[in-house]
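Heads up, the next two complexes both have subunit A, just with different partners, subunit B and then subunit C.
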Partner chain A sequence: MKIDRRCFLSLGIGGAAGLALSPIPWKLADDSAIWTQMWPWTPVPADGEATYVKSACTLCPGGCGISVRKIDNRAVKIEGMEGHPVNDGGICLLGLSGLQLLYGPNRVKTPLKRAGERGEGKWVKITWEEAISEVAKKLGDIKEKGESNSVACISGSDKGTVPALFKRFLSVFGSPNFMRMPSIQDSYEIANNISLGFIAQTGFDLEHAGFILSFGSGLIEGWGSPVRMIRANSSWRKAGIKVVQVEPRLSNSAAKADKWIPVNPGTEYALALGLAHVIIRKSLYRNDFVHAGASGFIRFRDLVLSNYSPDSVEKITGIKKETIEALAVDFARSERPVAICGRGQGKSQGSLGEVMAVQALNVLVGNINKEGGVFAVNDPAYIAWPAYQSDAVGAAGIKKERIDGAGSGKYGFAKSLTNRFAGAVNSGSPVSLLFVLESNPVYSLPDTKDVKDAFKKIPFIVSFSSFMDETALNSDIILPNHVYLERYEDVPATAGLSKPVVSLARPVVSPQFNTKHAGDVILLIAKEVGSPVADAFPWKDYQTCLEGTAGDKWKILNKEGFSSDPAFTAQVVNISPGRFDLSGGVADLSILFTPVNSEEDSKAYPLFLLPYDSFRIANGYIGTPPFVIKTVEDTVLKGKDILVEINPATARANGLSAGSYATLKTPKGSARVKVHLFEGIMPGLVAMPRGLGHTAYDNYLAGKGINVNELIGTVEDPASGLDAAWGIRANLIKA
Partner chain B sequence: MSTPDDKTKGVSAETGGEEAVASFKGVDEKEQGEGPGGFIVLFFIIGFVASLIIGWVIFPKLLYSQKRQPVDFNHVLHVETVDNGCESCHIFREDGSYAGVPKLAQCADCHQEVQGDSPQEKIFVEEYVAKEKEVPWLVYSKQPDCVFFSHTVHVKLAGMDCVTCHGPIGESTSLKPYEENRLTGYSRDIWGKSMTGIKKNSWDRMKMDDCAECHEKETGRKSSVQTDKDACFVCHK
Partner chain C sequence: MKEEQSKEKVKKFGMVIDLDKCTGCGACMVACMAENNVPFKEDESKKLDSITWLRIYKLTNGKSFPDADICYLPRPCQHCGGKGDHGHSPCVSVCPATATDYNKETGIVSQIYTRCFGCRYCMAACPYHARYFNWWDPVWPDGMEKYLSPNVSVRMRGVVEKCSFCFHRYQLAMDKAYYEGRREIEETEYQTACTQSCPANAIAFGDLNNSGHAVYELKKDKNAFRLLERLQTNPKVYYLSSREWVRRAGDNYLKDEKK
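Up next, the complex of A and B:
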């Protein structure tokens, strides 16, 4: 007897048999299954008692109320606030993803000072005291030189106490240069100013309107207050209200409308005037309302009757004259018809003539100042701070002309023309210090190169951004603001609402990093700058300022989260019939309605590039959070490639096919794009979404696609100074 | 698989003819006589038994680490002093959700200061109450995150006793060691103390089958979401 290999085989077999009868394989199989479901890096919200904090969303001008669910001290979900007058429990994709902005990796965690070249991304951490004294010292130097008016501020909004504090700071310091990012609000404001005689927002009671005529507005793609608009759209469907969408591209809003009328881009104003022509010719207008005897109406009537017959409008717009006739009659004979404009989400201004022509339709049918109609809405009235005293330099500085020209000369009707800012700086208007508040101008203003050049000329840029965005990257010092879920702030919702609401953003969680409320920071800078600036800011901190400003409404704001009391919020201005001057008081009406086209060579650039807005891509100060970028279709963004929409006919003419790469060239730049064929876009056009092509932000967003602002420029509307560009000449060459 | 033997045999058969075959026969006979048959059985048994020992005795010891609770807790003592049994401390919140293990604030209502002479209570008050630090209790009954379980439905609506699932923990005077599965991080109580998975009491293990067993008994066999009957998504939402 001896031990040989068979014994060992036997040992192995015995071992295997024993193993099979032991719990090892079965238990391990079960445990591994659980283990694979429980990766330690998978975030799992803690279990605990749920509490809700009522707050307000500041991610767009919509002004929705939110209710944030917390487990212990962690915010875990953002929901719409039930009973809020704007959104009543609803919330949009971006609002829902706000927690990724709060907890995401792109936050600026502490004050930073630039160490390397601008845009290089090299920073040193500094304390708040150092940061504030550095800014105050720069301001002191500027003042000493008597150049206080060379200080400027670009803000995302000019509503609410925080922008008001910045504006007040500039005013008392001696600079008129408080600017807000351009939008269709600018255009409506100027239109109201010249036709009514005062600056006001335009509000629309769209929920009760009886016919919607949209000139390219993204009704369900983020125009106005997005959640409210989606609700309104549902109510139109239920009530059988007709929606007509006029735009060159079959957007989602056009697809959901009852009728889509493709129009040559940039000629929407002509269609509106053509409709006015039919309405006036057929006497379908409200005689009492347009005040037929008024000179404004007579001049307007004469212009549209002579120049904008359906025949001539057909030639301009490409819309059949029968369609124009029928649409005009349909519009004028409907109960409570409303015409609106502002392309896409209303992020671009458009020409004044366009807004005036569209507003004229509302005036002609008399749907002004009544249920289901159009309203002029004043700025919120609750910010009434005591007058301040400035010194000689300050008093002289504030009287100087604004950098963007708004409010003087031929731009006299405008409040803010930020679209002109970069051009003005590049042509020599000195800016020595720029505050950037809740906006990302380097990314989101058109003509990125021009804007970057302007920024290079500004010796000191102070960013208040919570995120390391393109503008923060190109600044000299970053004083990071709390994000909206960490701070108190009044949030007036004015985006097209006919019943203004002021909501209160409230800290849902305590600040996650070493950030400071921009309201507090400007107060601290004021203190450091000293008298007389410091004296204009008597508040101990921003919180005291906010509570004092809200006055007896603070309690209700704090309890309910909002106030819609017209005595507190903005007021609707009563417009009596005949008050609306259809000629806009403009001496030569034709200047209003001259098409503002890019003059570039049509041979080198036979096509037009048309930027468009998508609900799934944020394109302003806020970068698209990861949850949202995941929802972008692969016909828009595939991997890192951006897809442009072109008509199959355009593709054939340019030798392109679906999915092929091409070089998109415009007079402003060129980019490598992929082609997506789409029957829903008019031939000759190339459509590209706004909001992609970030160079800053995290890996979820940076480097994906192209920023359309790098390819487009501004075209100044001679009547108003607004940026009338709706696109740019372009060429698409097979790569 | 061919062994070296097979090969030798093959080669011999081809080259050596009958003689070689005969000689191989001889070898076989010899081996049968004094072969390792006994050893083979013995080794089989050794392997078999060793595996069983490893599987049933050593493996559980390796798989589970023993952890002590941060503070020992006497359930009996506390149940005696409260009016409402388990729910006195393991409360249901106003919104109906179940709070689970009490938070420090609940304990601190009575234990602001050391009351008795128990060293464990001293640790509790000094280390946690005084420092306002939540006690990192190790929860024996914690289910994986993919399991949705509502205490309210089971206790308030179905009227189940705590004991049915948690056992007579209210009768314990000290907390047993927490045996953590090194692979999954969950307590041994989920699979059950017995590695066989055989249980004597309803609370001995709390795997999916145990939930299903009771659900089948109480509510009948149901299998489809589409037909509004119990299925995966009741617990795995």
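Up next, the complex of A and C:
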């Protein structure tokens, strides 16, 4: 049969019509809809028995109780623990993202030994036995040379049994160099030491306070114990408690406060002294804690009366004198007023003068040691281990001066000054071995270049990190710790609490990888190093140590998940009236109360760079998990570009507009940034968030934005050795 | 009497969010993502395709330094009832696949992923941008699927998703109640993940029809408002703010128009 054109067309059309009438195309369309939805790689989570495990969060010093939902042996959701004294069911976004850390791709899965250059990321897997004997051998060599004091440890915290074990290890081995990451806690400790005569933390009964005056503290942005602070804020709203925020930038805390008072950055101390001036001049202070005849008070009074009148404070701070007068009266006449400091989340120290000036306000109004007031709180009391015996090298080593200088000479009042660590190493103080525990100093200490240089000088660095962070990447050997959801650990919540709580972190799931509890590892290293270090650690393993340390509280910790028994957690020190020395015993008060200036040229750097803390960007040991980075606004991070906040007036003066690229220059470095115009920031300032610009971690975090620590430096407070820097001179040039 | 009883039976779940308490911390956003198996990508800074069932908006009062002010506003799906609460929500009205439906028993607007074929009419109809499209298959880094919850199905490429008021929690609570021989649940038995997590206790959730629930009174507050009320979408999410400019930001007004 011959197929002509007509036949071809009719066959074609007929066929098409027939097909259209048949169910085939509809079936195919339906199937394709199903096929494109039913890919085998779309996970179908397995069902199983649902249970809850009570534990504690360790991701910040807040110490919240958590309740983890499990399906069979998988953890599927972290929730706040109902009834926990710190957070009572509430939880922050970082705590909620813990499972992304537990199951995340950035875990260090097995002990690793560096194969290539430092920071190159080339590793060989080793066994735990090899890793421990390698570290022990290095320690043995150091001891043999009699240089035991050149061993150091940087820890995220110095509270709880695990940091205590590390500290004990160093002490018996013969090194005083146990350091914790810098924070406002350092400053409060020194302030208490010089004005009260003993080292204690400062606790605030903010839930019952009647007036809150915050000198730049991010009350609802992660200061202290973050969830507790947000809960306190809600109770202030409900009770109509007045909150005044003094800060150069309209932070969330400033926006939430009843009144925001913009202040020239770095002059907060002067405002506090100006307020003290008004309170003293108008005799609004109470005699409760100011012993009017005490020489410290008289010197303080004379200084503020002569140098800090509202007129002169207006010139320093840029705040109108009427505002200062009114604020002082408002503060002093309120019931239970509390003044508080520590910029942002309190991760920078600030000058001692600032803390002393702010504490003076609390003392003047007599709001010390009472409900709704300020307390001096001791370290947790439950860690009481038997004394140890060290050998001659150890006994000599521990007596040597610390690398950061804390506790001796002009730094005599300090316990830890980790801010001075990099500078000291770079100027020749020898560190032969460094332990890094639950912290990421290479990333989170200011002046990254300086810190990296210091790390280069340290021949052997041991990281205990669970994650491949910047410091782990720059170490020689990684002994990965379990993450908090896989381990037992006591979690003291101490940050700013007047009634401390100790919670118990416990294994929610079994260890996912070949990791080991850092507490167990330090015990094993001690055993390997041998006597007398080994004898100071009589415990079989960390678990035994923890149970023994908790003593009769172990049962309650296990059952309730926490204990707030003051005999166990921490003692509030009873401060007798008149005990507070407002002068801090400092001979020349003008050294204490002095502005922090960077000396750089104001022509080359007409602006100031101000780092700020955001709740939605983690900036400590923990890198921001994917869920949290998702909540970051596109006015902060866009693609890989970081946006800096400037006032539209600053933008006009520098020829910049919204979204334009600029080069941000400081004496420490320069970076390409994008501009975000914000009416809530003082002209002349450039604000940049902390916590971005990671070079380690996964693709969800690495390479996004700039690490502000690369652009800022430290400024040593002459009165204390604290890092008093609040920012740095900068310039913003259109790119 | 009889009428009253039947009225009691119809539940209308809703939310009252106190913007004076809300600190913009973002816990609700993450609680929602963790509860509902919401995926994430390497770059989430393109907010138009960033799937956030609950998104916090930052409002500014438009004034210059130092009178500038900001306020955060969390926006879940508003679960519109439409005029007269008959279920004529903007999205339900346009869905050609009945993939989104108004539950007359609870007032919750559902999203049935397996019915959705991705036409995105609902997204165009929704005045709140509460709906999100899966342009890509969700990918979890190796090992991270372990935390996925079996109570919420994982969505695939080509479907729309949105806040469900954690409907699976309602189902679980009802199952439990039925198992225990009850026909009703207590207010505390069904709370959304965002409400539960909020450190500020800024979110209240419950049955707007039930006088025993906190939201019943809260929604009558003089500072209460809803978003784009004049569209008559009749949302079930109320906001409280003592600040006039914030309340005014809840709708569009002409320059000289008085509220």
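Here is the rule we go by: the second predicted complex is superposed on the first by the 689 of 735 C-alpha atoms of A that agree within 3 Å, B and C clash if a C-alpha of one lies under 4 Å from a C-alpha of the other, contacts with A are read in each partner's own complex, and residues count from 1 in each chain.
Rule of thumb we're sticking to: contacts are C-beta pairs under 8 Å (C-beta built on N, C-alpha and C of every residue); 3 or more make two chains touch, one makes a residue touch a chain.
Everything numeric here is computed off the predicted structure, so don't read it as measured data.
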Which of subunit B and subunit C A:49 touches, first, second, both or neither: first
Partner chain(s) touched by A:18 [first = subunit B, second = subunit C, both, neither]: first
First (subunit B), second (subunit C), both or neither touched by A:683: second
Partner chain(s) touched by A:639 [first = subunit B, second = subunit C, both, neither]: second
Partner contacting more residues of subunit A (subunit B vs subunit C): C
Partner chain(s) touched by A:547 [first = subunit B, second = subunit C, both, neither]: neither
First (subunit B), second (subunit C), both or neither touched by A:27: first
Partner chain in contact with A:2 - subunit B first, subunit C second, else both or neither: first
On subunit A, the residue positions that both subunit B and subunit C contact, one per complex: 37-38, 44, 47
Contact footprint of subunit B on subunit A as seen in their complex: 1-4, 6-8, 10-19, 21-24, 27-28, 30-32, 34-35, 37-38, 44, 47, 49-50
Subunit B residues within the subunit A interface of the complex: 34-36, 38-52, 54-56, 59-60, 63, 93, 95, 97, 99-100, 144-146, 181, 183-186, 191, 195-196
Of subunit A, residues touching subunit C in the complex: 33, 36-39, 41-48, 69, 71, 74-80, 87, 89-93, 96-97, 99-100, 102-105, 220-221, 226-227, 230-231, 233-234, 237, 250, 252, 255-256, 260, 262, 512, 615-616, 626-635, 637-639, 647-649, 678-683, 698-700
Partner subunit A, residues of subunit C touching it in the complex: 20-21, 23-27, 29-31, 33-35, 37, 40, 42-47, 50, 52, 56, 58, 60, 63-66, 68-72, 113-114, 117, 137-138, 140-150, 153-159, 193, 196-202
